[in-house]
Every structure is written in structure tokens, then in C-alpha cells.
Amino acid sequence: MEEKWEPTIIAFVCNWCTYAGADLAGTSRFKYAPNVRIIKTPCTGRIDPMFILSALERGADGVIVSGCHPNDCHYNEGNFNARRKYIMFRALLTQLGVDLDRVTFAWCSASEGIKFAGLVTEVTDRIRKMGPYTEFKQLNQDAR
Amino acid sequence: MAELIINRDKLTQLLHEIAGGETEVFAPVLKEEATYITKISQDTPIHYDFFISVNSVKEAIFPRYEPILKYKIDQEGVKLEDIPPMKPIVLFGGHPCDAASLMVMEKLFGWDYNDHFYQDRRNKTIVITLACNEFDKDCFCTSLGYSPHGEVGSDIVLESISKEAWKAKAVTDRGKEFIEKHNTYFAASDKPDASFKTIGDKDIPVGFDKDAVKPWIKENFESEEWQKLTSKCWSCAACTYVCPTCHCFDITDDASMWSGLRTKNWDACTMPIFTLHASQHNPREAYYQRYRQRIAHKYSYYVDLFKVISCTGCGRCSRVCGAGMNILEILTRISSLAKKGGK
Amino acid sequence: MNYAYYPGCSLESTSPDFNISTEALIEFLSLDIPEVDDWVCCGASSLHPEDKLASLALPALTIESAEKQKRDIMVQCPACYAHLRESQEALTHEGTMQDNLKEAIGREISAKLKIKHFSEILMQEIGLEALQAKVTKPLKDIKIANYYGCVIVRPQELMQYDDPEDPQLMDKLVNITGAESVSWPFKTKCCGAGNSISKTEVTLDMTYQILSMAKKNGADAISVLCPLCHINLDFRQPQIERRYKEKFNLPVFYYTQLLGLAFGLDPKKLALDRLFVSPFPLLKSKGILS
Amino acid sequence: MSENIYKPYLMKVAEVRDETPDIKTLKLEFQNPAEGETFSFKAGQFGLYSAFGAGESTFCIASAPTRKGYIECTFRVAGRVTSQLRDVNPGDTIGFRGPYGNTFPIEEKFFGKSITFVAGGIALPPVRCVIWNVLDLRDKFKDINIVYGAKTYQDLVYKDELQQWQDAKDINLIKTLDPGGDKAEYGCNNWDGKMGFVPTVLKESGINGKGGIAVLCGPPIMIKLSLPVLVELGFAKEDIYTTLENKMKCGLGKCGRCNVGSFYVCKHGPVLTAADLATMPDEF
Amino acid sequence: MAKIGVFVCWCGSNIAETVDVKRAAETIAKIPGVVYSVDYKYMCSDPGQDMVKNAIKEYNLTGVVVASCSPRMHEKTFRKAASEAGLNPYMLEMANIREHCSWVHDNKEEATQKAIDLIRMMVEKVKRNKPLQNIKIPVTKKALVIGGGVTGIQAALDIAAGGIPVILLEREPSIGGHMSMLDETFPTLDCSQCILTPKMVEVAQNPLVTIMTYSELEKLEGFIGNFKATIKKKARHVNVEECTGCGTCWTKCPTKVTSEFEQGLGIRKAIYIPFPQAIPSRPVIDEANCMKFTQNRCGICAKICPKQCISYDDKEEFIEIEVGSIVVATGYDLMPTSAFGEYGYGKYPDVVTSLQFERMVCASGPTLGDLQRPSDKKKPKTVVFIQCVGSRDPEHHKAYCSKICCMYTAKQTMLYRHKVHDGNAYVFYIDIRSNGKNYEEFLRRAQEENKAQYIRGRVSMVYQDGPDLVVEGADTLTNSQVRIRADLVVLATAMVSPIGVKELAQKLGIGYDQHGFLTEAHPKLRPVESATAGIFLAGCAISPRDIPDSVSEASGAAAKVLGMLSKDELEKEGVVAIVRECSCTGCQNCIRVCPFTAIALKDIRDKAGNLIRQVANVNPGLCTGCGTCTPTCPSRSIDLQGFTDEEIFAEINAMAELH
Amino acid sequence: MKEIIEKAKELLSQGTVDLVIGYEQCGDKQCRPLFVQKPEEADKLVFNEFCVHNLATYLTRPEVKQTKRVAIVAKGCDIRAIVNLIIENQSTREHVYIIGMNCPGVVSGKAPNPTKPHTKCQTCKVRTPQMSDVTLGPTPPESIPMDKTITHPDVEELKKKTREEKWAFWREQLSKCIRCYACRQACPMCYCNRCIVDLNTPQWIDTRSNLRGNLDWNIVRAYHLSGRCIDCGECERVCPANIPLMLLNRTLQEEVKEKFDFESGYDLEACPPLTVFEKDDHENFIR
């Protein structure tokens, strides 16, 4: 019996915008795919590129990183700093051939519950079509 | 037994055939202009025209990392799982200095507690050594009493008789068995190519007096000379990782919530955190202390324990050092200091 | 200095006097400024509101041609100047327009050349002192109102010609001829050329304002650098005089003509005889021409 | 197939005791009683304790070999493994392999002599193992002195046992705190011991070292300062024992980490005499 | 010893309908470290909270996970409960299985699985959580107000009214600011001086307020509650204590200087008070113009001063003060008019700014209220007012609206018509913004009673034609060109941030936008706070605003200051960054990215006092816990407590399936 | 190279510095670092095309930091590292006496036959060193202008590959890594005394030299160097596994140049680009 494969998605979100946006999606009862697991951080500035890498290596098939829109950051600048990190990190991963379609960045404010719901569903559908991220899972297999 | 000859094509065929079976085969492979002795598969091109591999043969028997324990965790507790037994190995492409290193290493791994990961694998390994045709300024096996044609540690030694063929000499019974088992690949003695030059013991100059080194180290542990000799060292582990006799390792766990794997992986006394305590105290804080440990361990401590120098003169550490450290030079200096009674 | 001259349609058709005097100056100053090979219309006129892409693609062709010649572009007509610059801007900045343009013209083009108005070249590359040295017939006692028109200075970000409110470049050039540039407020006021066909009366009023302000500020003549301004001020002057029942009799020179005169060139070579408001009475009265 | 020397025994945590805010004692029992039956060790030996998922860490066996059926370890929370060990509850499983290393030559050298124990702070556990071993065979020894000190009251380990030793008539316990260590904020009221650093207190102790055995353990600086004091008190260098705590990974003389001079601390040690120490390079 | 208690809430049917709470609680109970796991109908109810408290005590829990609604709802509730039961509140985390799970999913199986995962991640985090303490910061009960305009004055008065000593700092020789230059104010037309000067006197006489004029902030160190400000007192050359303000000196001073206060329309002396009602009413010597300083002659004022108050040798002084809180009310400037060539400002003397116009009509102005145009002192019969000069012009100047121009222009048309009853006032405008109490009515009065003629459109150019100015523009309502001959043109130039504000903001460590206006901590919810704790903003320093807005903000900022300084200690959340000094290299990455300047270098010295190295050091008073520093540190020597690497890694790892 | 020797002797004998870090010959086609503490030891100093090492690495050594002042023989490219070290508070301009070498270029390739011109020299903008305290050596060929954007052919080559090809390429390359950390130890910008890979709470990076660990390690190193790498190529040179490490570093250099218009190591006042931001940074990848 083969169980139907479902992707695991880990979302790193900031506390003030996207986490609140996800709360709003909840209070508004916007339905979305149940594959996402949210990890709360205070600010996108706290979301280290290493988190993304670790998540993929530890079995996530897709990662979402989301925080306040530019100029909306609760801490004024955290998301700007984060954005630079992601620019570099993406350039690096692109050159390495890591599948960046599996990592989705989005700004999602506390009022964008509908955007959050749509984002999760869209990402889940996309990753489901792409299948498990075997390239990274294989990394864990020990040679010899 | 009559002298047997094997040529390149046959040897390649032989190694590939074995690699297709249950035996792991290690052989020289060309990667980006440099030769490495690595595990090959049935179709990996084998590279013969090389002087000496960058890495040493220890990788075959003492891998970079190796699982030593598996476990599963659940609410009932922890369950330990066995590691599957080691496969037999054919190790081809090392030089006599490499083969000799195996004899050095097994002393430690068999000391009191038998590290079966090393020893079992060692016992299942057929070592086919290539006698040297070349040497460079970093080679110093002769200084340690080894020879470019040495047989120590080998099961079979291949000596070139031409560019394309070797004369095969079984050193051990296992070597003999191996040749007999695969005798179709070997031909009877042929006329050697007289124009083909190999090297002899005399070609590699003896750089220092190996017996003078240990006493000097014992006497002069605090000598200022150490700092001078090692000031350039930037404490990476390149030298120890290509060294055929460096054996230090680390044990780490990698685990998820429910399962884990404990591995033994290479570590090096030259690394800054090797001896760092959890309390942040580090007995070997300075760069020179770490390099001194490497030399002293090889030429003094190891000799105390196992009556053999933990170095076979392959010179790999000198070749690979980005900072230009040269072990032969350091030992020569020590031996000359010892002669002069200097500190 | 390595320019190719882009006359544009106006100078080749309605304003040959500008073209002729320009070429006279180029010859006199022994400048190596050949025409751009295979130049085409700049796309001014009604094309730019109709089809933006086409209006930028036309000057792009000219730019490409100059690029092939390995020369920078020299222009006289401000409208051409504006369109060339706009096209260059589109060609050198990444975006959809750049892609569309490149596709439209279908040729490789970097558009990294200089585009300069002739007056800028005179000023910046030859220099006032060098020009001054060549003046043999100073235009003494003439007061000139320098009229730049609106196109050459606006928008400033694109044209980068001079201060859009009170430009000085032409004044300085005219001053070396010995004439006196008057200070007046309408240097860059619009002459209404855009409406000259459809709403002539608006244009006439605007031009009237300019002429009368020049007169009020004591100008004997007007100097221009735009062929359309010239048409409105010169060609329509009699019409304006009739309509507003006021005599101006203000000759309208191209600045190239004034410079040529001061350098002692033959008035014919400067096409002075082609001006509608004849400059000869003025020039004679001031003793410049006999 | 040969035996895997890296395979630990599985141990059930039987008891967890807080010694200080960051020092804990675990009492461990063999999950497989059969293994417990065959297991034995001697005072001074150590083992590697696995927190599954985090790794292994080396501590001495702090319980006495004279008390069978369980072992105890005491450790300070410092790194990844100890953090995880801190979090175990009774009933949880951890790993243990050992015993490794040499031992205090109790029968061979200690019998019939006076024994003086000197320890500082977290270094009491390795000494405690010997203390209980000696106390359990009390009649085989002459005088027993224990000199133990810590920075503050809070940092004293085995407070209950200190009390036992203090109450015992046949033990001379000298406990001390570093100056200022008896403040109420360290949980101390009514300090009945001495105030001062261990070497100083030791010097003033009046212990006669002639023919006696000293067991010394503590932080490097304390060892350095106490050694001459012990010699001054009359102990012979060969009779001053200490136990080293180098960084170790394998405990089997393979990994090379604990190598100091020609000693592998895990094999030749951890119990060394002051005479041995003098021959080693100063790298511990 | 990790002993985690897990409490799964049903939230009535809100959670329980979609999530199998029983199964969740049972599954979680099997995780190592979880010693207690239970489900309950309403965790947030009193019995629910008691369950948590009791379990903490009974099982000696070291950590708690409440799986229920969003932490925004009840994190405070449960943390308080935990705290009451003796557990450090930071050892409690919430798994959001309502907003993030039951409410957004339908399939019970999937939702239950997700809920279990979410709880498990939180359990793993809590296991690694460390108890944190809220941070207490002592407070200096003293405030500093920067800027002595009406905003600053009001803020100082309100703070003083709360019993807190205030220092009011003003860089000009007198407080009063721009408001003191105005004639009458909209929409009431009361005289600006009449309402401002009493306030100036009040603030001067308030024993709790220290006014420091002719002084600027030189340096600011410290953090909320504990600022140390260095004030530069510029050399006034007049002994303020001794001087009586008798005026002999400035009457006799031979050097005439264009008056800044009169906007260049009047003159003052080299020793002067800016205006008669100045506070302090003590003169100051303008070194740039005084002959004693420029040519080393004259010296009349010193000779003539009956009390010998004048000293030419005064040097600037630096004074250090300690304050707990700061209000920045630095006001505005008008945009430099040189930018508007098309309006001929500077070329034509009869083109003036609105502020000049205020002085021209003001009874205390250079003409004592007799309106004369500058070129020929003629009474202007036609005045054209141009609005949005520099404002709402993103292509060339400022994109923003200067907010007050519509209203003061309307006011100025009225003032004009009051002076010249048959005069024509034209106003060019883009839109009219009159959204304040009584503003629209006021505007209508200008238009209807005072016959101001409003033309919707922009002016293309102003030029001189004989003695007249001609204003050419478009009337976009009638779609026609307009040409008006005018005697006077008044430009309502844009309000901009004053010179030096950026430097000041940098000294204060507060943010400013591209225009130099100071940035609020939150534009809506924290409009009078800066992003730096303890520094508040008010008035036009933030953006253009009118007097009522400025004054209410002043009071708002004062209320914030009083609120802050009412306590002896400030308490803030313990979620702050912490440095591991042994591995910190002092590379300053964290210092550079910290939005709150909460991190600084600290010297590590050996026993002999030699500098060994430098490491980062977090000031917990300033740290807001955003964590931007943590990923920026290459050696991970700075970590955010409450969201440490280890904790987040544990959450990720809780999802991992490695082997 | 008499002038270096003389300069070193002068500096040491006058007490200006107490250590000179330079190069000595070791073999025909090889040089290596040399520490000179006494004037009489200075005679071994050389400078030639084999002086490829970036000696700035040694500036962050505790024993070098403890000197009163240190002189360092530095090529223009090495000075970029010194600039970064100063920016990052690891050294001060006063502490380092820079003996700048006019440099026509050095060679790359492993001993004994390093013949190819070093890749870094083909894009060198500082053949004449900037900010040196003294500049020695004959005038070198003209450098590439500062404002010129540099692309690297090997990076371009890699960029042309499909994602799967890139992944396969790096899988193969990174499987060779033995985690000896020669790259890190040779790198002048890797000066942390506790590298992130040495941390275990949490263990972000697997210390085993398996694919995952190797990938993590090399990603993290490249990422930490982004905007800081000064293109000295030491990591690649010293790598015993011959991994083309500079491919990653150069990718990021190009990215930093393109996105933030920044090149590291030329400006003492600059901030590392990942510690600052522009409000209008490129963000088309964010939804």
C-alpha cells in the first residue's frame, strides 16, 4: 500500500506582520493547505538563511519566508537587512544548483490574511507537483 | 614462484572486475589534474601516470567518516542497532610509504582495545603497492629507513618494467593467493624494457638522523626553536588529513528526534579546537603548540608507545601545505640541532 | 571632438537658412563634422503621442547609424535633440522599452555615444576664447534678445542643456560677436509652435507676447536656436503686426548667422537673404554691412 | 564479527540530584541486569556517557566500586551533551561505556596508610569515589583527612555527604569557602567551615604527610598551588595522586585527543602521581 | 531536568471540532521530557489556568506548552499564571492550533496531525528555553526638550506640570520659533504674539524649566532613562544674569544687519535681541557681523553697558546634563526660494515668501503693519498668492503636501483685504485642503466675505513688465490661460526640515526620512515616539503640521515622558540579545545592523589594564529583541534570548526525519 | 629585491616595527611566508611572481596582534584584505606598516610547476598598491580601472548550466571536500576564533565530511564571505581537494557589485554590504 505523499512546508515568519496575518486568516476562516508548519521569529531580520538550509536538509520539501512589507517593519529595518541577506543567499544557492523554486519569499502584512492563505495553498500545490525534494534528502544518506 | 608480469590493460580489467563484485576497490583516479586514491566502480577510469596521490591510502581503511553506532529513540527508550560488517577491500595505487603506514596505524588501533572498524577492514584488505619510479624534494622515506621499493605492509608489490607493465611480487601469502586466484591476468616473465628507468634507494637522499629527533624533542619541549620552525603554520588540517599515519578522530552524533547515528570522523591535533575544553580552557592555545604536538607525537610519543615512528616519509604534508611548511626541513633542522647539542 | 551632424527634416526643408549657416560655420571653423549617414526623421511631429515605440525607434536608427560611423551626434534642431536623447535614454536603461526598441530596429546598438547641440559644442569643445579670437566684424551696438524657446531646456533631467528658467549659453555666444544680449524674462517661454496649425490664433498671441517683450526690453533683433521658433517669430511677424496693429520690425537671426556675421562671412553664405524680416536695414544702420 | 568497542551499555536513570544550579548527579542502573552483573570497575576509572542525539561526554565514575548495582556520575552543564543530560528524568535511557583508564592503587599502595584527600569545587566527584571506597574499608587505613573547598557555598557538591563526613568521628573533614563565598545570596547561612583558598587552608591544616597518601583533584591552578604545599607537609611526590580531566572522545587510546607527551590520559591516566606529572609537558 | 507539561485546549468546539484533541494530548505525552499532557475545554478559563498552575506545582514542571489560540490572545494570561505558580514566565510557550490550524483546515486527520506537529515543535523549543528576567532600568527624572518653538514650549510646560524638571534647548537667541513671526493665526485670527508670548513668559517663569537658548546638542550618550547630553552653549558675549535687557547696547550699536527674524525685510544690530518680546530678553553679539570681532574696533556696547555685562572674550561652553527622556521639537524651515526660477524670487523684489508676507502685515513687523511692497513701498493693489510652491511636486521638489499653506494663504488673503479693502487677492491652488475644525468655514469667509479669487491651476511663470509683475498660469477649471498683473506675489513655499536636523538625528540615534523629517516609531500607533526608546517627537520635526496639531503632539509627547518618568524603574521584556564574549571578534557587524544602536564595543582588558581585544556588548535597555544581529554574526557570538539559535533549530529539528 | 631587505632592516633596526612578514624563496618556483624579527634575518626576503600568498592572514594571529607594530609585504590585492580587517576592527591602520609591492602579477597552479598567470591578476585593479606606507618595485603595467565591472569567465560558464547540471557539478566537487579547513585557515577574512562550524549548540553544520556537511560548510563559508571576499584566491590555492572554491566567491562578488554596486577592500570607510541596506534594494524575488 503506497501512502500518498504530501509535502512538508516550513514557514519562517515574523511575529508582527505575517504571524498576525496568519492569525487573521484564521479569524477570517480562510481555508488553506494544511501542510505548512509555522515557526515564529520576532522579525525577518532574525530569520537566518541557515534556517532555510537546515529546514530543507531536515526534510522540508518547501520553505516559506515571510515578514513585513518594506517600511512596515516593527523594528524599522529588520526586513531590509533580511532582504539583503536573501539576495546574497539566493545568488549563492542559484549557482550551487539548489532548487530555489522550493523557497518562497513573500511580504505579507498583518492585514493580508487572504494573501497568506493564498500563499500557503499556492506554494503547497506547487511543491506537491514538484514532488519530494530528493536531492536534499539524498544528502543525508551516508556513503559507504 | 616465477616472476609474473601484468600490464595496464589487464590490471584495469582486473580491478574493474573486482569492483563489480562485493569487494571495494580503491585505485588512483584523476580529478582536476590531481590524482586521488578513491573507491572506484566498474567503469571508473584508473589513472596510472602519476607520481604520488594527493591523499593517502588511509582513507580506504580509516574513512573520513564512518558510522559506529545507530539508534532509534521512542517512548520505550533507546534501541541500539548494529553496523553491517565491513566489505573486503583491494587497495591499489599506494607507494611503499603508504603500505608501511598501515603497519604503523594498526599498532594504535589494536592497542589494548581492538578497534574492529579499522582492524577488520585492515585484515580484509589486499594491499597492492606500486614501487616508486619518481621522487621529489619532499620525499624522505629513506631517512626513516624505508625504501622506494619497500615491501613493508604490502601484500603485492608491483615494480615497473616498462611504462605499461609491472613485475608483480607477492609479499604475503594473501598476496600469493590473490595472484593465484586471478592468474589469468598475469603473464609469465617478459623481457624488461631496459630503457625504462626506475629509482633506487640511493636516489632519495637521507635528510636527517631519525634517531636524533626523539631525544631532542624530549629535551627541548620548551625550546624557542619551535616557534621559529612553525611560525607560518595556520593550523588547518590539510597535512594531517593527507598524512597516512595521522589517526586522530572525533565522535559526533547526528540525530533527529527519533533516531540517530554516531560517527567517527577525522579530526586533527593541528585544529584550534581539538583540545578546547567546554570550560573554554585550551591546553594548546597557540599555533606553534599544535604543530609541535604533531611532530612530537609522530617522532617521540608514538615511538615511546609503539617503537615505531609515526611517519613514513611520503612528504604529502609538505606538498599540500599552503603556508609552505616543510616537515623534512623541520626534521633536518632538529636533527642538526641535536647533533650540535643546540636548543 | 568626433561628431557627425544630424540636420533633421526641418533644417533640410523649412529652415534651410539654419542649415546653410550651420554648414558655413562648420566650414569656417574647419570642423570635422560630416553628416550622419542614412539619418532619418527624428519622429517629432505628431508621431510621439500616436506611437511611442515608433517615435523612439526612428531616432534609434539614426543613433545606430552614428554608432556605426563611430561618431557622436551633433544636432541643431531642439526637437531632434530631445527625441534623440529620449531614444538614447530608452536604449540605455533596462526595461521593456529597451527590449521592444531593440527588437523594432533589429540591430545591435549600445547607444553609448554623446549627443550634443551645436551651441554646446561651440561653447564646451571650442570655447569662447577661441571663438572670440576669430571675430573680425564685431556686431557693435546691436541689442539682441536671445530666445531659446521651450524645447531645448525642458525637461531639464533629459536635456541637461542649461538653467530652464534663465539659460545663458546662447547669450554668451552672442556676446562674443560684440552684440549685447538683453536681459528679458521670456527666454524660454513657449512660442506656441505646437498649435500653429490647429489653433493659429493662440500661437499668434503667444508669439506676439514674445515679440513685444523683446521690444520692450530694448532688443534690436532676436536670436534663436530652434527652426520652429524661427518660423513663428520671423515668418509670422508680418501677420502678427497686422493682427495686433503694432510694428516690430525685429529681425530674427539664428545664432549661427550672428556668429557668421561676426566672423566676417558672406551674408549670402549665411542665408541672411532668406529671412522674412530683412535684417539688412538694421545691419546697415549699425554700420555692420554697407 | 568482532565486538564494537564504541557500543555503550544502555543505562536507566534511577535518580537525579541537583548538587548546585549547574551541577547534577545521575544515578544509573543497567537496563540489562545481566550486564550489571558482569560489570565491575575500580576507583579512579571513568566512562563515556551518551546523551542520545547529542553525543558522548567523559566523566569519572563518582560512586565507589564497593557499592554494586549502580554507578553515579556528577557533571557540570557546559556543552551540548551535558545540557541534554541535565534534562533527563528518572526512567530515561542514556548510554555508558567504560570503565576506562587506570585506577588508584588502593590495595597495592594505600592499605595501611593515612590518606589525605584534597579537592576543589567540581573536582570532588573523582575523589569521592575513592573516599567512599576507603571509608567502606575504613579499618584498613590510618587517619583520613578530607580538605574540600569551593568558591561559594552554592558551589559545594555532595552537601549531604559532607555533613556525614563531618559527623563521622573517624574522619577529619576540613571544608572551606573562598573569601566572600559565604554570602546569603549563595544560599549560605551559618557557615561552620573555614574561609580561604584550599592551598592556604591545607597549609594550615597541620596534616602530617610523612608516609601518607594524598589524593588531589581540582582546577589546574589549585593543583599547581597545592602540590608544593603537600610536599611541604611531607608527602612524597610518588604518593601524591591526582586525576586528570582532559578532553576525550573515545576513552580507548585511539582518538588522540587526550595525548599529552607520551601519555594517553585515557589509558595511562587519569590517575597519575605528582611524579608522573613532572615528566609531562605542560599541556593539560 | 526537563519536565514539560502540555495543555491542549478545545476552545469549546473551535479547536475540538477539527482537531482530535484527545489524540493530540496522548501523542504528545509520549515525547521524551513531557511528563504531563492533558486536554481541556477552556484552558483560558479560571479552572483551565488553575490546571496549569497546579500541574506546575505538582509535577515540578520546568516548561509548559499551552496549545490553544494565538499567543496574541492569551500568551500574557498564561505566562502570568505560570509566574504565579512559580515558573519563569518565559518557560511557557503557546502552540497556535486555533488560528493556525483548526480554523483554517477542514480535514480532521490532517488538522490533528498538524496540531501535533505544532505542539511538538513548541515542546522542543520549551525544552531549550532559558528562564529570562524582565529588564529593569533606573530612570533619571529629568527631561530635555530640543526646540523652543510653540511645540517645545508646550511640551516643557506639560512636563513641568507633571513635576518633572525640564531643560528647554533652543539654538536661536530666543525661544518662540516660527510662531512668534506670525501675524494672526487661522482660523480664529487671534494674534500670534498675543497667544504665544504669555506661554513664553509662563515657561520662563516656571521653576522646573531651565531655558537654554543659543545652545545646541553636541553629543548624546546613554539610553532610555539614562541619557547623558552634552550641550554646546554658544558664546553670547553678554552676561545673562547681570543684563537687564535695557537696550542701550543695541540702540547704540553702529552695525546694521539684515534681520533673520524679519525675514530679511528689516534690520537689526550686531548686538541684538531678535524681537522685542524675546525670551530671554537679553541680547547676543553676532560675531560674524560685529566690528569688534571682524575688525577689532568699535567696542561701543561694552563701553556703554551700565552693568558691564559685555565680554568679548566669552568662549562657547560645553555642559553635561543627565536626563531620562527627550522630546525633539525642532520645527521646520521654509524651502530655499532660490529653487524657483520660474517665479523670479530673488530677481524681482516684489516676489516674497509667505513668511515675509507675515512680517509685512504684522503690527510688530518692520513697517509696523503698514503693508508696503518691497520695491517701491507702494501699497499693493493686486496680490497673487501661489500655493504648493515646492510641495506636491515630486519631479522637481518635494512630493509631500506642506499641509498648512492652504489655510495660511486663505488667512493671508484676509489679512491683506483687511489692510487694503479694495485690493484684489488671487490664489493659485492645486487642491484646497481645509480639513480642520472651522477651517472650511474660514476658507469660505476668505472667498466669500473677503473676495479672494481662487484659481485652480499652476503658475508657469512670473515676470516683470515695467513696474508690474505679470503672473502667467493656467486655469484648469475653465481650461484657459490666465495672465494677471500684480503688485506683489506671495509664494507659499514648502515646509522643509531645518538645516542640521539630520546631524541632530544622528546624534540622537533616531531615524529620519529622505526629506529629513524625523521618523515615528509607528506612524499610527506610536506617532510621537521615535524608534529609540525614551526619545519622543512632536510638531513639524515629524512632518508639516499646523499649530493645534503641534501643540497637541507636544502634550502627547509630554504625556509619554511623564508616563515613562513616573516610575523609578522601567521594566521591559527579557527578550534581548546576549553576547558570548569568548568567541566574539568585535567585527561590529551586529553594531552596524542594530536598528536601535543597542550594541557597542566593550574593551576586554587584562589584569594590568592592557587592552586585549574588543567585543560587542548589548545594552539591554535599548535592545528591543528584534534579533537582526544574530544572523549577522559569523561566529554566532550574539544570540537572541527567547529565540535562540538552539531553540529555533530545535523547532526545525522537531520536523526532521533524517535516518 | 634589495629594497625590501633594506626597508625591512631599516624598520626593524629603527624599532618602527618589531616584526616584518614577507616572503622567502623555497624551491625554484615556490615562495612562502617569512617572519622576520631581527634585521639580520631580513636577507632572505624576496618578492617575485611566486609570492602568491596573502600574508594579511597572519595579521589576526594573537602573537602578531600583540606586537607593537608589524610590517607586512603586501601586493595591492593583499591590501584589500588589510582594508577589510581594519573595517572589521581586527586591525588598525596604525598597527600595520604596509610595504606595498608594485606587482605585475603572480602565478597560480600547484608546485612544482606553477606557470599560469593567476586568475586574480587578470582582473587586478591594484597593481600599484593603494594606501601603502611605502611602495617598492618597478612600475607595473596599468591596472584595470576601478569603475570597471568585472565578470569572470568561469562564473559565466557555470551560470550557463542548467540547475540540474550545476547541482551535479557541485555534488561531485563538494564530495571531495575533506573538511581540513585549509580554506578557512588560509583566508584572511576568516578570523573568527570560534568558527560557526565549531559550534554544537546547535550544530548548524555537520562536522562530518559527508555531502550534507560539505555542502553546508561551503555554503556558509561563501555566504559569510559575501561582500567581504577580496578575491585573493587563497582558499582555492590551498585546497588539497582542488575544489574550485573561488567560483562561489566570485559569483557573490559579482552579485554584490551588480546589486549593491560594491567591491570590498578598496574603501576604509565602507561597511560590509550585508550590514547595511538601501530601501530600494532589488526585491523582485519577493512576493
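All chains are identified by letter, namely A, B, C, D, E and F, in their written order; residue positions are counted from 1 within each chain.
Keep in mind that, in the parts below, a contact is a pair of C-beta atoms (placed from the backbone, for glycine too) under 8 Å apart; a residue touches a chain by one contact, two chains touch by 3 or more.
In this text, all values refer to a predicted model and were calculated from it rather than measured experimentally.
The chain with its Cα centre farthest from the Cα centre of subunit C is D. Interface comparison, A-E against D-F: more C-beta pairs in contact at A-E. The distance from the centre of subunit A to the centre of subunit F, each centre being the mean of the chain's C-alpha atoms, comes to 34 Å. With centres taken as mean Cα positions, subunit E sits 62 Å from subunit D. If each chain is reduced to the centroid of its CA atoms, subunit C and subunit E end up 52 Å from each other.
Centre-to-centre, using mean CA coordinates, subunit A is 46 Å away from subunit B. Counting only residues that touch two or more partner chains, subunit E has 32, 582, 593, 632, 645, 649, 653, 656-659.
Counting partners per residue, subunit C has no residue that reaches two or more other chains.
Counting partners per residue, subunit D has 55, 79, 92 as the residues that reach two or more other chains. By the touch criterion given at the top, residues 1-3, 32-33, 35, 127 of subunit E touch subunit D in their complex.
Within the complex, the subunit E residues that touch subunit B are 30-32, 120, 124, 582, 653-654, 656-659.
The touching residues of subunit C, when paired with subunit E in their complex, are 155, 163-166, 185-186, 189, 213, 216.
Within the complex, the subunit E residues that touch subunit A are 70-72, 96, 98-101, 103-107, 110-111, 113-114, 117-118, 121, 511, 519, 522, 531, 575, 593, 595-596, 624-628, 630-632, 640, 643, 645, 648-649, 651-653, 655-659.
Those residues of subunit E that touch subunit F in the complex are listed here as 582-583, 585-589, 592-593, 601, 614, 632, 634-637, 645-646, 649-650, 653.
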